[in-house]
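Have a look at these structures, which come just after this line.
After this come two complexes, each holding chain A, first together with chain B and then together with chain C.
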Partner chain A sequence: MKGFEAIAFYNGWNISVTGVLIVFTALCTLSFIISQLHKVLIIIENKDKYIKKAKNLFSRPKKTGLRHKIRASRNFNESARQFHLLIQSMKDPFSLPKLIMLAKKVDIARPYSTVHELLATKLIVPDGKGYYFWDQDAYKKFLVKE
Partner chain B sequence: MELLMDFFSNTGFALADYRNFIMLAIGCIFIYLGIAKHYEPLLLVPIGFGILVGNIPVFKGLGLGIYEDNSVLHYLYLGVTQGVYPPLIFLGIGAMTDFSTLLARPVLMLLGAAAQAGIFITFLGALALGFSPKEAASIGIIGGADGPTAIFLTAQLAKDLIGPIAVAAYSYMALVPVIQPPIMKLLTTRKERLIRMEEPRTVSKLEKMIFPILALMLCCFIAPAAIPLLGMLCFGNLLKEAVVTERLAVAARTAVIDTVTILLGLTVGASTQADVFLTSKSVGIFVLGAASFCVATACGLLFAKFLNLFLRPKINPLLGAAGVSAVPDSARVVQIVGQQEDPTNFLLMHAMAPNISGVIGSAVAAGVLWSFMM
Partner chain C sequence: MHLDPQNIREIDLFRDLSSGELDKILPVVHPVKIFEGERLIREGDTSQTLYIIISGNYLVYFKDGRSFTLHKKGDMIGWSTIASPFTYHESAVALTDGEALIIPIEEFLYLMQLDSDLGNKITKRVTETVRQRKAFVNETRNETRTEKK
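Up next is the complex of A and B:
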């Protein structure tokens, strides 16, 4: 028996197609695994860092975190001092848009987020009528704590 | 005078026929190609000499021929027929091989897989020419361009064909620098041959140590019949990468592989006795073997071009030719052909990735074919 008849008789087409597929599957899978291997090894080598990251990701934020975080920020003291000087040049109570505009004028970095932090730490306090004033006592206490 | 005539009738001159002289000439050509042309000398010289040993006519029954049960050559040949030598050669290859480039660019592994398509296409061709399925599978594996794998599979499936298949496989492996370049130039444009490859990333020692374990487990779970070859290949590589087993690795890549290569080459050569070797089947095997090799090379090249449709940056499609597992000859050929277009383009290191992948791929293909034929 020869030719296509022999191939069909001995199931040649199926054997060839299945064989090629198996070899491809084996090498493709191996190729995929080794392409990811170095990434897995990096994670294993730095597992402490990744465990910490994962813990932070899934743990609830602490309620007192904001004040704590603000205190931990390196530039906050400096920003508070700059805003204090700026506010001294304004009349109490002052408007926040005007404060931010002045801050931008004198080129203070990140004026919006700093004002937000000052509000959160209650160094800038609302007067209930749409204006704000600087809490000098809180500022002194804040400086002492820091 | 009668004594002298008796003696003469026992000599090779009286016992020889023309086929012996053809085979002796082939043996001499092998030795010439190995020594003078440097075509795979470590294989062609032992095989060539083995052909000389096996084709000196001797009395049958004296226990001299390789096919006689009580001969020394027969015992040495058991390592071939029982499939002992090929896994030991794989042990040595594993202990020599650095998988860094493969680990750095795993996508190149697919080129090694593509080249194995040649095995299965040739399998179909052999069936169509009237070979039995087991013989066809043994002939197809020549396209893997891996002598030990071809011998191993043939020893399991078609012991009678070991001689012609081994000689065909090693001949074509030796002729890689002659067979592959025309196909490579035919299937690629100059622009493609000029493509430069990116520097591969640095691979950590731990990655190299994990790879043989991963490769063994994954490939052998998929094709368990590949265990004898892949198991030894991965074991040899682990010995090399583990550092603490350096002595064993050195033994595997020097003493073990050298001893086995001598025994394998000599006995395979000696198995090509004229009356067994010079048959119409052998001619068919040589024709199909050459076709298998060409198809495997073409499949690798074409698949590299196909990959380039999706890859950025593109890979040099010449690397596809290294997917046949003639290590490291086909990688060297890629380097030579690449440098003919651009002498400053170094492809050897990159070509080693599909080349090594081809070794793994052909071992898996052999395992698959063996399991289908069992």
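Up next is the complex of A and C:
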């Protein structure tokens, strides 16, 4: 038995068609993956954004409204009070990095952003020479307002 | 942050550059997210990266306890990256979350060496920043010395 007869006898035609189909399918899949690769790259480049989105999907909705505002305000008041106590233990004018270090030592929550808020609300004021002082009058006004 | 020649031109350091020069700069500038409390540079370390502020608030401080804050878009942290002896003269930490552009020094210096005109324009801008900060540093140091006497 030779030639086409042998090919047909040993299922050669079926095998070759199957082979062609496998290769063709693989090439189609590969080309599809390559065509979509730019989307994956966008996700990798903006991974922070997508991680945040994913986290938001599974986390509890943020507390908004009056109750949250009151709580945030209380937190800031408490932080301001704690920082005021720390500053009283330092000489005037004081060093801001040293204040942050001290706040970290005594476990005050989020010392960096709190210092930023204290600067923004002008409770901590720069002396123009690289050091800072606590504005007692502004603090009193702040307490009265709250 | 999406980087293109138009929004990178808004940054003070690149304000004098032509469109062609901006195209050269673009590949070496990388946007990064900065998180509250993240230390960007440490005084005395070999300077390898220049930071340009896009958003957020940052505290720049010195070993003797002096400090100042930066928050303006285009403000530079780590200017000593392109000046001898290539060590940071200050430390910097993020007070809030923010965004910045980072420029790895090797690629940046190589680019400035290849194109002297571009190098001159960048150096001019950096010198301006150094002049402003040096004035602050020297003034404070002199006063500290006087007080000690």
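As a working rule, the second predicted complex is superposed on the first by the 73 of 146 C-alpha atoms of A that agree within 3 Å, B and C clash if a C-alpha of one lies under 4 Å from a C-alpha of the other, contacts with A are read in each partner's own complex, and residues count from 1 in each chain.
Criterion: contacts are C-beta pairs under 8 Å (C-beta built on N, C-alpha and C of every residue); 3 or more make two chains touch, one makes a residue touch a chain.
Computed from a prediction, not measured in an experiment: that's the story for all the values here.
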Does the superposition put A:Pro97 against chain B (first), chain C (second), both, or neither? second
Please work out whether A:Leu85 is in contact with chain B alone, chain C alone, both, or neither, and reply first, second, both or neither. neither
Of the two partners chain B and chain C, indicate the one touching more residues belonging to chain A. B
Please indicate which partner A:Ile51 is in contact with in the superposed arrangement: first for chain B, second for chain C, both, or neither. neither
Quick check on the superposed pair: does A:Leu41 touch chain B, chain C, both, or neither? Answer first, second, both or neither. first
State whether A:Val106 touches chain B only (first), chain C only (second), both chains, or neither. neither
Quick check on the superposed pair: does A:His116 touch chain B, chain C, both, or neither? Answer first, second, both or neither. second
Just to be sure I read the superposition right, which of the two partners does A:Tyr131 touch: chain B = first, chain C = second, or both, or neither? second
Per the touch rule above, chain B residues touching chain A in the complex are 102-103, 106-107, 109-110, 112-114, 116-117, 119-121, 123-124, 127-130, 132-133, 136, 201, 203-204, 206-207, 210-211, 214-215, 218-219, 222-223, 357, 360-361, 364-365, 368-369, 372
Which bits of chain A are touching chain B when the two form their complex? 1-4, 6-7, 10, 12-13, 15-20, 22-35, 37-38, 41
State the interface residues of chain A toward chain C in the complex, per the touch definition above. 48, 95-98, 100, 110-113, 115-116, 119, 126, 129-131
Residue numbers of chain C touching chain A in their complex, please. 33, 36-37, 57, 59, 61-62, 65-69, 91, 93-96, 136, 139-140, 143
